[in-house]
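Same chain, two partners: chain A is paired with chain B first, then with chain C.
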Partner chain A sequence: MSEKIIQTENLVKRFPVGDGEFTALDDINLSFDKGEFAGIVGPSGSGKTTLLNIIGSLDSPSQGTATVMGKRISSLSHKEAAQLRNLHIGFIFQVYNLLPVYTVYENVEFVLLLQNRSAAERKKAVMEALEWVGIENLAHKKPSKLSGGEGQRVAIARAMVKRPELVLADEPTANLDAKNAHAILQTMKKLNEELKTTFLFSTHDEKVMAYMNRLIHLEDGKVAKDELVQAKTV
Partner chain B sequence: MIKFIFKAILRDKNRSLLPIIVISIGVFLTIALSGYIKGVFGDMIDQTARFNTGHVKIMSKAYAENKDQIPNDLALMDARELTTSLKTDFPTFTWVNRIRFGGLLDATDGNGGSKGQGPAAGMAIEIYSEPSQEVERLNIPNAIVTGAVPSKSGEALIGHEFANKLGVKVGDEITYMGTTMNGAMTFESLTISGTVRFGISAMDKGMIIIDIADVRKMLDMQDATGEILGYSKDELYFDEVARKVSNTFNAKYIDNTDEYAPIMLPLSAQNSMGSYLEMVDSFSSLFIIIFIVIMSIVLWNTGLIGGLRRYQEFGIRIALGEEKGHIYKTLIYEAIAIGTIGSVSGTILGVLLTLFMQKHGIDISGMMENATMMMPSVMKSKFTPELLYIGFIPGLFAMVIGNMLSGIGIYKRETATLFKELEI
Partner chain C sequence: MKLAIHLAYKNLMGAGLRTWLNAGVLSFAFVFIIFYNGLIDGWNKQASIDSIHWEFGNGQLLHGAYDASNPFSIPDGHGILPKSAQANLTPILIRQATIYPQGRMMSVHLKGIDENQSVLKLPTHLLKKSTANIPVIMGTRMANTTNTRVGDEMLVRWRDNNGTYDATNVTVVGIFETNVPNVDVGQLWMSIDKLWEITNLGQHATMFIANEHYVHQNIPGWRFENQAYLLRELTEIINMKKTSGAILYILLLTLGLLAIFDTQVLSIFRRQKEIGTYIALGMTRWQVVRMFTAEGGMYSIFATILGALYGIPLLAYFSKTGIGFEITGDEFGIVMAERMYPVYGLRLIFGTLLLVVLSATIVSFLPARKISQMNPVEALKGKLQ
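For the complex of A and B:
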């Protein structure tokens, strides 16, 4: 459990605003072990999404370093960053962000197409992922026909289908009712335990926090508290 | 992956329908207009060749310089000998003599008086005195409204409207008054064998057609001719051929000192037909260029709008680990597929309309009542094989170029900003 999957050192992120700059992340030093189920919490605007975007190689630091799976984010080319996301990182968003023209099955399959997997492999992996989240029966529906809870399950299946080492979930339960939120979290916790996938959440939802083993409190772009907590068991 | 792209095109009508419609219309218009321009101008050129210029025309140099005045005093002499040598020198062409002449027609009322008079534009052609296809070339059998083609000396065809104006009909006698080649007055009694309507108002209102042997006697032009016209045996005009024949002929007969020496002019060197021919070509090219530019702009913009709508999709795909270059490539594939669908349907529609218009045309005889221009009265399109690609290729290109331009937006935006759209 000592292998670091994520490590940030003196990470700073500034955004140009008008004439000056706005510091969204200020001197962040964090590291995560493989298999963690951790949450970044904090008020709106504290920098949660910005941090997840950098870890997910969608953005790069202004200063300092972020190293994910041994790769320095700031030194990755577009191609290498895409490769990293493609093979190792799954994303789950607040809005499920499914591709509307494709069916549930195709949305999940798309990820594997990008990896040039064979048709047989794709079929097996997609069906398996849909089973994990309990929506095999929705395979041929279009995203517009799904409820919020179903949509988020598809998003989880899409993130998990390639068996990534790391899943970044940005407020995954914000649009769900309590019942669905609990179900989704239980699903993810189960995947975390069975597949040893590392999960990193951003949230200000108490329900989500209750499932975490570790909470990192961000305030104005700074780490205010980093605590290990007793997680609710599934 | 290609299959995935096609699925998206088929399912997302918003993405594909508008560009397909835009391209179809553009391609359709290009083809229909090109076909129509080609048809109309082609007919005009064909008509001009038949009635006026030939594919090549020989006149005396002096006659050629003043040909609007029909100066028969400057006509070619030794016409028979010249025609014979033309037939041996240029066997791929048919050679015929024609004489144009002016004069006055007078319809007698039978009591020594006159019931009508009018200026006539005369054309002497080889009707029965020489074996020729002139009657068919001028489409006389179809143009005849009443009566028949002259079959013996003393007979004439006149324009149907002309006959009405003079108050004469088939079988009536008219008197031609004019001047001979030598400037003497001449009168000739002629019987109307038939009336014709060519659909060319200028001719229908003042034309008289007489066999050339009669006219030679009438105008004292024994063994002389105003013009010798050459037509390629297949009756199709090819400018290069006509030019080559003219150059060969002129090289042989050139005589700078003799203003009666013959000179041969191809159609393109007569009546500013050359600029006409160029105009047809440049018109078509102009259309295609305008089309490509407009379509590219329109499609670029639909691409941009579509692109904006799709930033979310691009953001998701980037998050899933797709490279920007790959997204761009799939956009271009999509453009090719959509461009092909639009271009094919536009081409089919355009060709169908062209074929329809080739058969039916637009009748403009009403508008041409007072026109003096040599123009066919039914404007028809003409189908040529190039119509199959002149719309298709620009249609496809416009779509692909439009999308290449709008797709650059994917690169311009930072991944994170593109991705920000996801949070809204």
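For the complex of A and C:
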């Protein structure tokens, strides 16, 4: 029996807008198994990022539940949510969000510092992560000296270095050209297959969708379609 | 906290010139506070030592009718102290007189002192070895006012114990230099034996200067003022100077702290995405607050290092060579050397260090607290909150 890593039940998220409210997610019922490589797709404003933020415990539902690795998001304290993200969830952002004053090595090492890992452990894990994404030669460069593709690889290495169960990637190829986008997706697909890490993407990019095993279509905050698809192989 | 300090250090080092500009401003305030307080402490120390060596000794035993701040108390403010009570005391008799240097008339105090004394730094040995009829010594200020040189004679007129005027020429046998105007301005020092002789006030004294072996016992008609009491006015003036100086260095410190506060406020606005990223990567909001606070506190550590780099040689130089002042304290009647040597105590240095570190940390914490209320999703988008 497959292990459920994410489960949402009647999930609703509303935001205050002026005097009223805007419903970003409406009655979302989804579950994801360990090792999935799935995409939440839909146009801008359909609620993809909001759903990812709730699953990543950066936000909480207005109604319903979201359970990630057995933890109910709405009942987590700030500290518990931080611990969940620190130990189990990796984030990849559209604009990479690398820490500008740190080198590539330090950016990747950062999450391990939060886990109080020893220097030797950190070094081994960071170098391994940089090798996975093929940028070990950039270890001492600052983010400002990297190309878009290199920056996103650093973000992937940072997300993967702690070997999380779940990686949430928000439009990870939006700022990349086609060649780099494919390279990045292939890297992530490879990591998914080798490490059995669950990848959950939010995207409206056809190139990204081509790599997914499952696509959840969101429209106006509702699940319009949830389909298993034949993914492109690496 | 270790992690916060580690990350704060990396962030500040990564920020480069901005960090060192803030640290530079703060270090200036830090060095100035130590310098200014050191100067005041140096003045205090020097003035106290000079006052003790030239005027107060280990305390003064004053005739009950004599009040140092009231010249009208001089005529009657004297008496005879029993010989048995005079151990470790040097007598001084003060009389009012008039001198006529180069035909001008000037009121002075004639001060008779034991020429064998060693409790005060006054060069009374010059009185002893002189063959002049009535040898006197005076300070440089008095000599300048009267345009007198060693060897000059001048006419002195005084009244004896019966109120009868008498006058004679005195010879200036020594001019001494002192920072204490109270023993210089308007005063002629002579042997107490001579003063007793010309005033018919044998064995009378206005006051006695105590040496370090003196142990006071109550003597009717006389009152003892100890060193601390005699130095109180000086201490008050110096404390007042310290307070007015504090206003200046609080302003300087405020400027330094404002630079940090400003940097922190700007940082929190400008680095919202970074803050959001920290939280997304697994830091708690309070960990981020601690990191930003540590960044601010660390400015003060950098300021200390920077301040030490240029401050130690600079302060050591001034401590060795002193600082010359165009004005002296003569006009205000206070003890003030022409060159002052700052004194830097450990208490001053560590007290200032603590003040700078604490205040820098507090002004960093105030804007950093805002992070604890931030929505990480909005922060990740870089939206102002």
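The criterion applied here is as follows: the second predicted complex is superposed on the first by the 233 of 234 C-alpha atoms of A that agree within 3 Å, B and C clash if a C-alpha of one lies under 4 Å from a C-alpha of the other, contacts with A are read in each partner's own complex, and residues count from 1 in each chain.
Keep this in mind: a residue touches a chain if its C-beta (ideal position, glycine included) is under 8 Å from a C-beta of that chain, and two chains touch if they have at least 3 such contacts.
This structure is a prediction, so every number in the text was calculated from the model and none was measured.
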Fit or clash - chain C, chain B, common chain A: clash
Partner chain(s) touched by A:94 [first = chain B, second = chain C, both, neither]: first
Chain B versus chain C as contact partner of A:102, first or second or both or neither: both
Which of chain B and chain C A:56 touches, first, second, both or neither: both
Contact residues common to both interfaces of chain A (with chain B and with chain C): 53, 56, 58-59, 78-79, 82-83, 85-87, 91, 93, 95, 97, 99-102, 106, 110-111, 113-114, 158
Interfacial residue positions of chain A with respect to chain C in the complex: 53, 56, 58-59, 78-79, 82-83, 85-87, 91, 93, 95, 97, 99-102, 106, 110-111, 113-116, 158
Residues of chain B that touch chain A when the two form their complex: 1, 4, 7-8, 11-12, 312-313, 315-326, 414-416, 419, 422-423
Complex interface listing, chain A residues touching chain B: 49, 53, 56, 58-59, 78-79, 81-87, 89, 91, 93-95, 97-102, 106, 110-111, 113-114, 158
Chain A-touching residues of chain C, taken from the complex the two chains share: 3, 6-7, 10-11, 13-15, 273-274, 276-277, 279-287, 375-377, 380
